[in-house]
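Per-chain residue numbering starts at 1, and chain names A, B, C, D, E and F are given in the order in which the chains are listed.
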């Protein structure tokens, strides 16, 4: 099967980190195609950038010609899943929901450790919409800008471990969720340090996407109906912009 | 004071309906500026179109040169408020939240009557995020496409009255919310028919925006922090597209 | 339009503070009539006094002969709104709900800073009934008796700032609500100190009452039906007492 | 032990019905003292009358000279418990909460069958404050004014059985709560008809009050602190009224 | 009346502590029969042991030949009530729910102080199922194994007082629930130390069981229907094991 | 990898149905071992039988000598997961939670169609504990005893389709969950009839178990700590019984 994994920011380096993480967890028969949006911010750290990313990912997905079996939206706490689910007939798995559902299977109360405090409200919104906010013991920010994660991995993982430890010891979390696609790859290190399972959203989403395909399950079109045919000015955006 | 009211679809006729409704409720010293996005769908009836509208409205707002005191987002159940609140320092009032908060002041349980059933999930999401979904007795759709409201106002208001009546008599609603910016102007008629107060989102939002300005209250930047400076490809979209 | 603002305690000085605050936010065409109940406690700081105040306000309102367009119940966390809404056909706005709804429009999570810890349970009850308790980050008491607010305004505002700061920094609030009618007038000072918007209940309620009248919206009588005609001993209380 | 049972309306006949029900369930060593408020409505069917009753009961209780061990507030869905709990050092049990807690011990989801539809919102409010609204399958009204229950017991119990049956068969209730003090004595008849347990609030409250006294448990003064000493005009009301 | 009180562990000493507590609160006409399961753990401190206890109690109850009027399940936070309620036609009262309901009658927010931290999740589950988790201010563990409570009562009650004090002072609890059947008898001591009411589950459950019997209320068989007749291998377990 | 799938009833035929379903969805490198408990009911249709099954499955699992990588608890709405999670160090996936989490990934609101109405309360309890009850649009029973599903598959699937249709059309469900392990294999047929995705719990659980193993995630021992060493009479039960 072929799974498309969509980065939400325009930084190719992050797309590559995500792709590697996806490949690592995917079955050997699964092909991973990682894509980067054609416009938007180089890191998504707030609602403005996230809405823009939602549209940029929809725009990018619309350009894909070859068929694929599932889509992973690889931005933690980002907007867009419901729109993608309307546009496509295949499963669309958002890494936020994938991580939360996975954490709930193996523990009682999870905590999210993310990049910047300014994104906490937005992540909380997503968890509330999913229905799993009550099982979230804490939302913590390491106060690391997304792109710094790449630039200084050592200090980054130190800060993340610190917050994860507080989440376990003070907030009562028994599972940690890494709340940023750019943290893909740090799970093992954090897990060793805090001694509770650590869930990475990209890994969780790819695994869930595969499992849905294997069960022949797809997005309910009653929940996410295909858009009605209508006049849409300037869509898709990229060719319109190029135009 | 000057209040900008943003339509979410690209149909100028709807912008005009919204503008008239805004003017009707606004104080005499308030100037209403109604704007239409430069791209997007001619009616917003789903998440794909709504995400696109969120970005198109942010894009349109970015082009406004003269200062204004508050922004009204005139799409019922639509995405975008959190992004606009990040971009601006003034109050941003979404008609969905305005209508729900207003309905709660005058009754116990409100019902929303909207255009199409396909938008109900999205409206429910907004009400959950606001925290007022538990006070919503019912979400009902008249099964009228947004643009048909304009085309056949008589049949439209008949259908809306029918659903409003069911909401009151079967679902226990004691206030009706008209769940579509295009229904602005029908409140009086529906109210006469069902004998409970009927809230129009545009009117409610303009009135609330004015009241916030009068109280010198503005968006909490701690809740909706201004975006960090960063590289954003292709933003704003309109000039980039024109480019 | 004419708006009656009802103090809940029998201290005329507090009525005057409330009146001034109401006048400050009201439109120039709005007449504010502030009333004081004929019986009850000189400050309302608990359920016993609050129930008494609810009846005293209903009693006082019953004596008003000239017509008015809206009623503001100016006691934070106090009982009575539902009874007043049954007795009247015009909008009744309670300052607790007004403040909470207003705070939710401009932030994500508000905190209430009130006078005494002994009133916190009661305030929490009101917020739960409104449906906005989940968006309340904290309820904090400055441990200042209501009448001391008037007596020592400097120390009072210092204590309130202290608690407001803790609400923002430790509890994650992004808007502060001043939870006591007697605090009317301190908003500006607190806002300057804590750098998040500060909502005053009296101002919020007057602004909302005006906006409801402007929208021709009134209390849903389906939610708050007019009392049935029946034998009521000793009502209204004041003339019966005088009798 | 001595338990005071307070009727909330001024109809002595209802006080007598309540007294008999209380005596029936009380232990042989328990003395029941039933009291009627000195002012207020002859039947309480709404918030205005209920707030008045809350104060009238507090006023009446203040006049009692002999000591007693617990107080039962015998009005279903009425205001007042929190005020009484502040005034007294002994357990105060409200029949609404007593019935709901009792129903939850023996079933999964209870339904309330009350007198008039106009009281449903108020009952719902009490159940939400208690925290047991989620276990309430339905609130149904037999559309019988309180005083008609006494006047035409046969037709009344027929109507109540009808609603109880719908609650069980359509709403999924497995326990019925009789939501009106005036229904005391009908439980057996309804139970025979609908074949699920039927809880009477007065019986439940008296039994719980006795059980609290037996456990030496009393109202938490941390939750319901004694009112501070202060100037209260016209309190208590009865002697003040007597002039 | 005769009430059977079932210990959940196999330690006879604990059964005796429970029996004494039950006798103390029971009316003089009530006979208490305390039973110990025939198999299972000598202390129940987790789900594995709790499930085993649920079955061992059902097994033990099945062996009782003389009739009885109510059953008390004397394990705090343990599994089993729903199964017992299906097997019997009389009231079944679990000490967890009894304590929580009782605490809610006399305060606003209770805290549970239990033996070991490892049981907190399980207790939380029970409180959520009952519907009273939202009124729980804190779950605290004294980190005392159940059997140590008996072995070193002095140190035990000291540790419990410490946690109870934190619950009141830091968590805002106004009632304490002793969350372990083995703590029966410590209530008075803790109450003296922390000055809020302290509820003991065994006492609460016995009092509630008596009150249900007195009201002729029994388990709703619509909620907990009697098991269908069917082939059950190895049931009851004790004779099968002996067999 | 090797996954043990545990039937909860003692009917070997049902174990075989479950095994086939598990094999169908499992990856080719996964070995499925299906086990049947040594004691308990031939079908589990209530809490008594379910508690017994919980212990019988724990007992059966304790006898397994060869290592395995994950456990699937194949009883819908049954007790036991938390105990198994304490006993084991590997992922334990209950088919109820697996189905609910899976349904939430592909739709907004799912409905459960199960065998008998008497099991609905129990299923609801599990969904509440998981935290996904609010996303459940309806719980419906086909009123088919578990073993009849095998005996008369045609009539069974007809009845299930009927209820599934009502769930979609009247209750607003957009995904159907088959709420009984014995329904494994009917998903395709029901899906064809009602045109929304149909989730089978066994398939979902096996897929999720595999995905957890693939991610190297295991049960959080902080959430489900290994039982302390202690004296346990008569455990495990089977050899003790044989003894």
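Everything that follows uses one rule, which is that contacts are C-beta pairs under 8 Å (C-beta built on N, C-alpha and C of every residue); 3 or more make two chains touch, one makes a residue touch a chain.
Everything numeric in this text was worked out from a predicted model, so none of it was measured.
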item	value
Interface residue identity across copies chain B, chain C - same or different by half	same
Angular offset of chain A relative to chain F [C-alpha, multiple of 5 degrees]	180
Between chain D and chain C, distance of the C-alpha-averaged centres to the nearest whole Å	29
Rounded Å distance between chain D and chain F, as computed from the means of their C-alpha atoms	44
Intercentroid distance (Cα basis), chain D paired with chain A, Å	53
Residues of chain E touching at least two other chains	108, 121, 223-224
Partner chain F, residues of chain E touching it in the complex	10, 38-43, 45-52, 54-55, 58, 79-80, 82-87, 118, 121-122, 125, 128-129, 145, 223-225, 227-228, 230-235, 237, 240-241, 243
Complex contacts: residues of chain C adjacent to chain B	25, 27, 91, 93, 97-98, 101-102, 104-109, 130-132, 134-135, 168, 174-175, 195-197, 199-200, 203-204, 207-208, 210-212, 214-215, 217-220, 222-224
